[in-house]
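In the two complexes that follow, chain A is the common piece, with chain B as its partner first and chain C second.
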Partner chain A sequence: MSRQIKVTLIGNPNTGKTSIFNSLTGLNQKIANYPGVTVEKKEGICKLDRGIKAHIYDLPGTYSLNASSIDENIVVELLLNRNHKDYPDLAIIVSDVENLKRNLVLFTQVKDLRIPTILAINMSDRMKYKGIELDLPYLEKHLDTKIILTSNRTNHWIDKLKNLISNYNKLPSTKFIDPKLIDPEYFKNLQRTFPKQELYKLWVVICQDANFSNVDKNFLANSNFETKSISELKRLQQKETIKRYQLINNILKVGQKVDQSKAIGFGAAIDRVLTHKIFGYVFFFFILLGIFQAIYAWAIIPMDYIDSTFASLTEWVKMNLPSGAMTDLLADGIITGIGGIVIFIPQIAFLFMFISFLEESGYMSRVVFLMDKIMQKFGLSGKSVVPLISGVACAIPAIMATRNIESWKERLITILVTPFMTCSARLPVYLIIVALVIPNETIFGFNYQAIALMSLYILGFLAAITSAYILNMILKMKKRSVLVMEMPNYKIPLIKDVLYTIIEKTKSFIMEAGKIILAISVILWFLATNGVGDKFTNPENHISQNIELLSEEELQTKIAAIKLENSFIGKIGKTIEPVFKPLGYDWKIGIGLITSFAAREVFVGTLAVIYNIENYDDSKGKQRELKNIMLHETDENGNKVFTLASGISLLLFYAFAMQCMSTLAIVKKETNSWKWPAMQFIIMTLIAYIVSLITFQLIS
Partner chain B sequence: MELNIQNLLVVLSLGVALVYLFNKYNSKNDNKNCSDKDCGCQ
Partner chain C sequence: MQTAADLKKGEKAIIKDVSSNNIPIKLLEMGCLPGNEIEIIQLAPLLGPIYININGSRLAIRKGTARLIIIDKPIKNE
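Take a look at the complex of A and B:
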């Protein structure tokens, strides 16, 4: 049986932990959430010599063990709890060669928890450009650890690191500083009260009072130890940090030489342009344009291919399998449902390719710096800009892209308001309704229909921003008060890391949200294809025209319309008609609203079935045919169904309502709770209902 | 709905979908690592 060890990668943000993780584990990795929170837990397997199997954990970036965010808290909780199932046998502290002094603070803190450590000094290829020289034997001796120089541009260090991991039990687990140096009286008293406990660990646990965490401190309450006030604890923490810096400085004075005259760097010059108060925004605008182009236009090509492939597969199943309910479910429910999941992959891949490039290159931090001041006024983060703009193409990848927003409140607000942005699935609905009820005339050379369409896009944006502002005032959550951030160095992103990100994001979408989408697709299919009563079971008997005069296609179209009308979904549509009547909708539109919960664009296809359009396929001719029928559609009193009032009411309903099960599934995944998608669905539907009701009543 | 193998499989698939969603909806989140009471994990 192979021996198994647990290794954690710990380090400050932007030190390249993930690159080392990818190099050690390859594709042998799985991504999940830490229990209860939506912080990513990355675990991978690395096979070592002598049959040793190392479970590698890539922990969230942290600056110290004084946690100030959910991410940092996860690191602290793991390192303090020896009973945690992921408690490490070995910690690899990943440091950035250009910020070694600051990175060593975390290293010394972890070392003081008596965990065997290896110091990986990453981005070592930059040493020559920055005039940095390291005396490794000296550093190893005085930091009492093994040091390895790593770089994501080379691979020769991997075997050496694996070898060090295999021999982890030979690594020293000595302390770096004696906590009694911080405050002799306090720490002696602490040691007297808990003689069997590790002193530094006790101190870190006590400190969490002044920090973010909620680690178990019951043992303190049950003792007679008098701890200090939060402000005094903070003062001691500062004293500890100063002490560590003093010792680190002394070591680096000898162990590290920096010759500024040899340093080459364009970072400051590039920053002057990219964070410029005019050019910075112009550059960012073009970046956004590129992202938008990719997920709106380029992704369409593979999406169309996926669409036609699944359509062919559906046809093949229908032609080759014995006819029956299961074949229909397979063809129209399961395959169509899977197609509805797979079709999002190109957009997700393109968006995360861009985001990964922006993050890896160091530009994302500049975006936050640039946009944060504006976005904070609405309770959003500088990083919210990318999800909001991406939401114009599709809310699914956009909501997934909120993961890099550190503040939970800002991230939640971004998730909740992104579906207001006008996504591409709304476009087919908008196009047909706008063409139907808005005159094709011009004012000052501008077409009314174009103005209406643009207004809907602006409305979506305003709804998102306004809701964010309101949510910021309503949601009582911890929020960061000031923006403190590091500007990482510019780097050329590694294709390997970008690919890993794309694969990981796509996989997590398919495995989590995909299953929910598929389950709802099966239920919707069942409701739309099953029903009770003679009209559903024998629709041929209820066709008003002479059947013999109809062609086979006309007959099948009429049968489909009668069956849909009398299916469970049809019955639901008719039952809820009184609810939608004040908005100007009849039961046919009601059915469209229910089926379009699968995807908004399904609304048009559903109306095509109800209005007996043969073989509706989104072509211009068929769209014109559908538009003509809708134009002349009347209710039982002979009044037109699609008027200016009902049309605008319907447009506004689609602008505000959460008519998308895939978005709800991804919100569930990203918030780790049904509470937020349920609230989002109810509130957005209520807003849509009220706005549409007022509009219809006022115009009509 | 007649009782045949295809219909049986459909009912089974529908059952699986409903049970899956029900379980997903009722799944209890382990909040022992929750550090922020508003992090959606209560």
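Take a look at the complex of A and C:
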């Protein structure tokens, strides 16, 4: 007999909730989105004794049941709705042993919803360093729950916790507080109007901020219950909070002993340096520098390996499969296209590793603290630093990371400017073009190519900051800007948690990008190898030079070029060429630009497919390196296609253009309107076109 | 009337009143309540946010919010 139960993990941010989730479920987890919003929904399965299968849900961190962001609202909506399909049979409240008092506020609120609870006191390994002693039997009795000490550094508690979960039906579901104690008159009146409803639940519904919550409040308007003004509600909420703290304090006075003299902490000393008005910024600068250095120096090694693996795979396919259309599609279209994306795995993994490291260690909050005032001058919040830095990896998670920005205006501006940051998808385009047009020489010991790349990153940041400044001037919106941010304890991130993040993020990146690239590669390959008309079917009749004077190889190259020019893709390319000609691009690059509106990295794959079909060297069964082909690519007059002018123009186009459908989709979801992504797309593309046009005309 | 914004780095005081309507509820839930002690850990440059410790919760808030937290006289910290 197998029984399924639902267990939710609830807790303040930074309490190590996700580590407990990982310990319970292992890699047996899946991440999806809550319907309609982009809040991540983490679900995992944990098998227990007696055939019980527990579905574990890791909810977003929240400080209380008064939602002040859409992430927190997810928690509240789930806990208020008994008919929700994920409504928990049991809630595990994860709390931080060093800040039990505050963590218990949320615990008592969940308890008041009559949900059976287990209290997991996490990071218990730190108790001895902090001089904390807990009287667990006393706390269990007075909080009326089961308590388990957990730690991310040990494992012995896991079986005990599993055992508690499997005995979920023995857990008490009593209330902690009688709401009537908060304000007798108000709550008696409320109960009288809605005699059948759970009093505390009603109160939570009344308190929800309409900005974040979809909780239905119509029943209030339809009753004769006298609603209170916002300031009166606030006063009641304050009374509730004070009451909870009072009761919790009374319990902790007996149940918790803290001997300050035994407490050892480096946190304060580290903070003195990391938030220092000078050293803090210096340290932050070196952290950023270190990240870039690592990404370029370390990622190269696995990237070279992946590159050669894909090259030999293509070769192997060509040699061993019967030659024909399918083999060509596989080798020139699919493998080449996929290879173009797999090659970024090392860099993306490194980026996500660093970002997850910065967040998990608690350092990111210090950066927010240091940067808040500066960012405000540009109409952003200190919290915008996190999306802007994450934007260097990928704009999609970055835009999702804007959710904890309290002010809508600051959040909207952050969403709109983040795509200017140089994301990892631009990297392959930059790398190949920089290698083509910028000399590989050094000046004062610095490599020109490295300087060019660095400049592109700085350019992206400047573009983001400048447009934020302009948007802040233009957008007429009421701004109620606050910042309330916890400065969590410093901790050394667990390798396991960082690894999970890397695997999850990289996997989803590859899957999403892979799908687009696969589809586009196949379409491109088809369009490039098919065509109509005499020029396509009999190209040898249309060679202007005397055929006898050409070597066999030259002849084949000519034929391939004419065929490609007259294929479907060639016809399309020629039609749109006038648009891109003033920027210095030929029709092949034009096709690359068009396809890369789906996703930037498609550009390299597109060129690989187009050039390979044209330049495939059959005699050796081998592909020539893309970079070499591009280097020797000429137009009909014999002029090089990739010159300094066209190269820089192309780099600038990629720096500014909004070429990522997935980002636009996320912006649409997060802003809940088509207006913002549409504006973002049009303006960014216009900027890209104008800047590239001016640059090309000036340099050439 | 003194507020938390008047405190210097390292100073402590007891919170007297937080009844302003503009104080975010979140701040109260984090322990910013009358009777609790507030300590200034660090001040960001250029009148940036302040880093405080209330009741064991360490938080960053902006100057404007700090002005809404009414305090008793600062406790001299030796």
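Observations on the structure shown:
FYI, the second predicted complex is superposed on the first by the 477 of 700 C-alpha atoms of A that agree within 3 Å, B and C clash if a C-alpha of one lies under 4 Å from a C-alpha of the other, contacts with A are read in each partner's own complex, and residues count from 1 in each chain.
The criterion applied here is as follows: contacts are C-beta pairs under 8 Å (C-beta built on N, C-alpha and C of every residue); 3 or more make two chains touch, one makes a residue touch a chain.
This is a predicted model, so every value here is computed, not measured.
In the superposition on chain A, contact is made by A:M326 with chain B only, not with chain C. Once chain A of one complex is fitted onto chain A of the other, the partner contacts of A:F526 are limited to chain B, with no touch recorded for chain C.
Using the contact criterion defined above for the overlaid structures, shared-chain residue A:N66 touches chain C, although it does not reach chain B. Applying the stated contact rule after C-alpha superposition, one finds that A:K228 touches neither chain B nor chain C. When the two structures are aligned on the shared chain, A:H55 is found in touch with neither chain B nor chain C.
In the superposed pair of complexes, A:K627 makes contact with neither chain B nor chain C. Once chain A of one complex is fitted onto chain A of the other, the partner contacts of A:K535 are absent, as it touches neither chain B nor chain C. Looking at the shared chain after the overlay, A:K318 reaches neither chain B nor chain C. When both complexes are aligned on chain A by C-alpha atoms, no chain A residue touches chain B in the first and chain C in the second. The touching residues of chain A, when paired with chain B in their complex, are 34-38, 67, 70, 73-74, 77, 212-214, 322, 324-327, 329, 333-334, 408-409, 412, 475-478, 515-516, 518-520, 522-523, 526, 530, 668, 671-676. Residues of chain B touching chain A in their complex: 1, 4-7, 9-10, 13-14, 16-18, 20-21, 24-25, 29-36, 38-41.
Across the interface of their complex, chain A is touched by residues 18-19, 21, 24-31, 33-34, 41-42, 44-49, 51, 55-62, 64-65 of chain C. On the chain A side of its complex with chain C, the touching residues are 63-64, 66, 68, 98-99, 101-102, 105, 230-231, 234-235, 237-238, 241-242, 245, 268, 271-272, 275, 277, 365, 368-370, 372-374, 382, 406, 481-488.
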